[in-house]
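Quick heads-up: structures coming right below.
Shared between the two complexes below is chain A, which pairs with chain B and chain C, respectively.
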Partner chain A sequence: MSIQLLISGISLGAVYALVAVGFAVVFSVLKFSNFAHGGMISACAYAGFYFQRSFSNPPPIYLTIIFTAGVGITLSFVIDTIAYRRLRKKQSPNIYYFLASITMSILIVNLLTIFFGKNLYAFPPIFENTTFMIGKIRFSSIDSLILIVSLAILTILIFLIDRTRIGLAIRSVAINPATSQLMGINPDVTIMAVFAIAGALAGISGVLLAMKLSVYPTLGSQMMLKGFIASVVGGLGSLGGAIAAAILLGIIEIFLTYYFGSLSMPIILFVLMLIFLAIRPAGIAGRFAQEKV
Partner chain B sequence: MKKYLAILLTLVIILGAAACSPSTPDPDPSTPPTETAGGEVTDPIVNPDPILIGCIQDTSGGASIAGKPNEWGVVYAVKWINENGGVNGRMIELHTRDCQNDAEVAVTNYRELVDEVGVCAIIGPPLSNPASAWVDLSTEDEIPIVGHFMDELCTTNPDTGETYPYMFLAEPSCSVQSYILAKYAMEDLGVSSVASLYNISNAYAVAHEKPFMEYVEDHAGSVLARETFTWTDTDYSAQAQKIASLNPDAVLLCDYANQMVTAYDNLRDAGYTGKILGANTMYPPFNTLVKNQPPYDCFFVQNYDLKDTDTGTIAELVEMQMTETGTDYPTSNVGFGWDATMVLYNAMLKAEDPTNGPEVREILESQTENILSSGGKYISIDPATHRPTLDLGMYIATYTEDNEIVCLVYRTTDYSK
Partner chain C sequence: MSAYQLSIVMLACISIISVCGVFAMTSLAGMFSLGQAAYMSISAYLTFCLARYLGWPIWFTAIIGLVASGLVAFIISLPALKLRRDYFALLSVGFGEMVLAIVILLGKWTNAAVGFSKIPKVKNLIWIVLAITALVVFMVRNLKYSRFGRMCMALKTDEIAARSFGIDVYRLKVKIYVIASVIAAVGGICFGLRNRVIAPDSFDWSLSSEMQILLFFGGTNSLTGSIISAASLKVLPEFLKGITLFGMSLQDFKTAIYCILILLILNFRTQGIMGEQELSLEPIRKLARKLNKAKKKEAVK
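Moving on to the complex of A and B:
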């Protein structure tokens, strides 16, 4: 049973990781937690659902994911233009970013509710069986896919940031935007690239979460708390740390729920988090991107 | 000369004003039918003012899947009443509000409808949390509320056992539905061990789970696990694995649609292959939303047989609602809205003044008998509980291999605790 619980915990953690990475990538450069990410995930889930429904024969899921990634990028630019760009130009205080991102998240959820209601919609199943067995251990098909996608995203992002010119630009803007501008890097373009990455992640997350759960307005925002915790515990701005923390969070949650029940679980979980952060404030990664929260 | 002219003008003005005044007085709603010298009864003078009724449903919150068709049912019933002569000639004017499945918003809705709009009665939602917030308000304001708030706490004071005077339920309560389901499971399906997986923060779920377990324990069944979750949880894998390891004959699920779907999938993913017993929220779109397709061995209570086109009007109502609103799946709540409105309408028809809260309340309590529901059954309100009498039962439904809903039997219960 313990191994089965461990697998379930990793599966649950993979879902949190998907959200946490979106948080971490924006924080790593812009140094604020983009709570609008949850709303973007929901919006992309709807986009993917209606994209699939617009064909008499639904297209393969990877095409839907590519489409929603595009929608996510577009939405990300729109949100940046509406909510963040002016704040950056005016070098506004950190709290303004926080309020702007929360506002955008609520706005998106409410717009989705107005246009689509709170009815649930289901993606057509992509797996014939929702679980598969390896030995005596049962694995969830969709959770396994989510875990693979999360790890693939991590690998691609690490490659992108460490080995490409745009990655170099992102790192330099993350360290010092003014100096990087003197070195010939355009911070605005770099920030747009970061938002494009975050938007694409929201698009991918939207479809995968919708396939696991269903499509509804609060699909993404209900995951934000756990995603945010994972990104903080992982070390704010650290992609690898966020994924590691998310999986750890999933495992702890499953074991606590199993042995202590769902009511005691959040109390014990949050106490553990507080103790961990008191001992290691920089998170699992041991470093955090400084400044804003 | 000027003096005569002024007197003449004054007389003209007075006579003119008299000529322009109404020839008949404003009709009085309390005017009784009058008899002519020949003994014939003339038509009473009908009050032209509409009867203002409120309707509070969750049309944007977590239970809007049920709330929207419920509201549609109320709107359609009022339209039908008005097209068929209204309440003894008086039209009904309906004012709808969205409580968002939030008790605080529901109180604001109530105050607005009563204080600002001036409604004389309210059709309530199929939600217990908002309705329980109105029990004192409705007594204070003398506003009858008829609805589908199935938790018995909405109609009866749990401490004294006395009814809340202005609260009336128009379908079997949570307890009755759970007793019927438990009885069917034990007697017809041979279930002897059960578990439950439910949202402990949801009054609807709690009000179903407790009586179900009481029935099972009182009938020599064994309760192996009572696993819970809360609103913020999105995954119940741990609870599902615990239940699967105990392998009860059946598991009770009694939440709203999205929690039911997750609970069902988590149980099946955990390897549980036994029977799943469900509240009436297991109706579509549950069967289209679960990932483990098609759902199997599901047995759940249903207020209406939506496929029975011979009994009642529910099939016709549901079809109309689906066409008008573009809904993909049939929902029983259309019938809830209709039935609650008809129960209130019946009382208003019998009242001398249908806007008089205490009078309508008295009739609702003591004279609500055999009101034909949209499902073709009869609703009679028990004065001792303000809920339907126990001869109003529920269907037991299941999903076929083709993922079609089918009603198996109609059951009542005389068990009570």
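Moving on to the complex of A and C:
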């Protein structure tokens, strides 16, 4: 039983990791928590749902994922233009980005509620069998798919950040925008790249969450809090730390929900966070970044 | 005034009270919290549940509720304020979630997610709420101009410099956090008295973030600005009722319009509508003095 819980915990954690990494990648460069990420996740979940439904014979799942990633990137650029670009030109303090992102998130959720209602839409089933067995352990097909996709995406992302030129640019802008500009890096292009990455992650996690749960306007907001927690606990702006914290969070959540009921989760989580941050204020990754809010 | 107009005035008052609490904490001391709505729920639930189940008078349970929120704020702040500011903001989110979970866990008494509606009716509520609002605004104004407020501003601007001037930063932070939480708790009780029903959903983190947004909308460091924005933005959706545009009722879009307004202000007047300025009678007085002087001069001539 506990192995099964562990596996579903890791699978849940993998989705949280996608959200948390979307958070962390924006934070590492722009130094603010992009709360609009939650709204993007919800919007992408709806986009994926209607894309899947609009064909008489449903397209393969990877097409839906690619499509929603595209929607996420577009949406991310739109949000950047509406909410952040002017603030960036004025070089406003981070707190205003934070406020703009929260407002943007509320706006998206509200628009979704107006146009689609508060009803839950069930994502069309993708697999014929919802579970399969390996040895004595029962695996949920959806959970396994989510785990595989998340791990693949995270691997690609880490490769992108660590090995490519644009990744190098992102890392250097994260450390110091002014100096990296002297080195011939265009900060605007880098920031666009960061928003593209965040948008793609929001799109993918949105469609994965829609498959696992169902589609409703506040889907993203709930995930966003988990992602926020994971990204801060993991270490501000550190991708590896965020992934580790997110997977840990997923495992803790599954075990607590199983043994004590779902309501115990926020209470125990708060105490755990308090203790953890008091003992290790630099987060899991141990890298000290600037203040977040 | 009709009951509907009275309820709108009370809505504005409650919004002003809760934003005043956030003003004391964020504008004066520079602490950012996304969990202030939790104190509203603590005091509201304690007040009305005790009044209901023990039959105590409401003013007495209200005091218990306020003291309890203050105590909770004190206990939470002791470890949390030792941490860096951003961790504090994170913990405040976690704290809000925790309080809501506890409210639902105690569903036997609080009626869980359905909402607790056995709230006694209070006569002349509008005057009570108006008086409380005036009192809270007056107290926060005094706080801003007192020695304590100046200490807080020093802390906000530069913590290390404030420490070097002999300010006990940690104790100051705990104090201001408890004050802010008690003010939020007052807002919570008024909220319950007005709506006659309290549900966990009405106190989630979006309410806390709304308070912060209202504060920054009015002006980062301006009490009058925050009060104006708190009252007007809260009441604005009520005026959109009944207006239809392109065949859609604007009532549905009230939150969306509100968000767009905030985004516009953030984009084009980042410091908020009032910025650092306070609205006061001083310019009018100056003008009157000038006119007086001119008159005297003419009289001398």
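Rule of thumb we're sticking to: the second predicted complex is superposed on the first by the 285 of 293 C-alpha atoms of A that agree within 3 Å, B and C clash if a C-alpha of one lies under 4 Å from a C-alpha of the other, contacts with A are read in each partner's own complex, and residues count from 1 in each chain.
Just so it is clear, a contact is a pair of C-beta atoms (placed from the backbone, for glycine too) under 8 Å apart; a residue touches a chain by one contact, two chains touch by 3 or more.
Computed from a predicted structure; not experimentally measured.
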Which of chain B and chain C A:Asn119 touches, first, second, both or neither: first
Which superposed partner A:Ile166 touches (first chain B, second chain C, both, neither): neither
Partner chain in contact with A:Leu263 - chain B first, chain C second, else both or neither: both
Touched partner set for A:Leu63, first chain B, second chain C, both or neither: neither
Touched partner set for A:Leu274, first chain B, second chain C, both or neither: second
Residues of chain A at both interfaces, chain B in one complex, chain C in the other: 225, 263, 266
Residues of chain B defined as touching chain A within the complex: 60-62, 64-65, 68, 200, 227-230, 232-239, 241-242, 245, 257-258, 261-262, 265, 268-271, 285, 288-289, 291-293
Interface residues, chain A side, partner chain B - complex: 1, 4-5, 8, 11-12, 15, 113, 117-120, 122, 125, 130-131, 138, 140, 142, 211-214, 216, 222-223, 225, 253-255, 257-258, 261-263, 266
Chain A-touching residues of chain C, taken from the complex the two chains share: 32, 79-80, 82-87, 89-91, 93-95, 97-98, 100-102, 104-105, 205-206, 209, 212-213, 216, 252-253, 255-256, 259-260, 262-263, 266-268, 270
Sites on chain A touched by chain C in the complex: 82-83, 86-87, 90, 92, 95-96, 99-100, 102-104, 106-107, 110-111, 114, 221, 225, 228-229, 232, 236, 263-267, 269-270, 273-274, 277-278, 281, 291-293
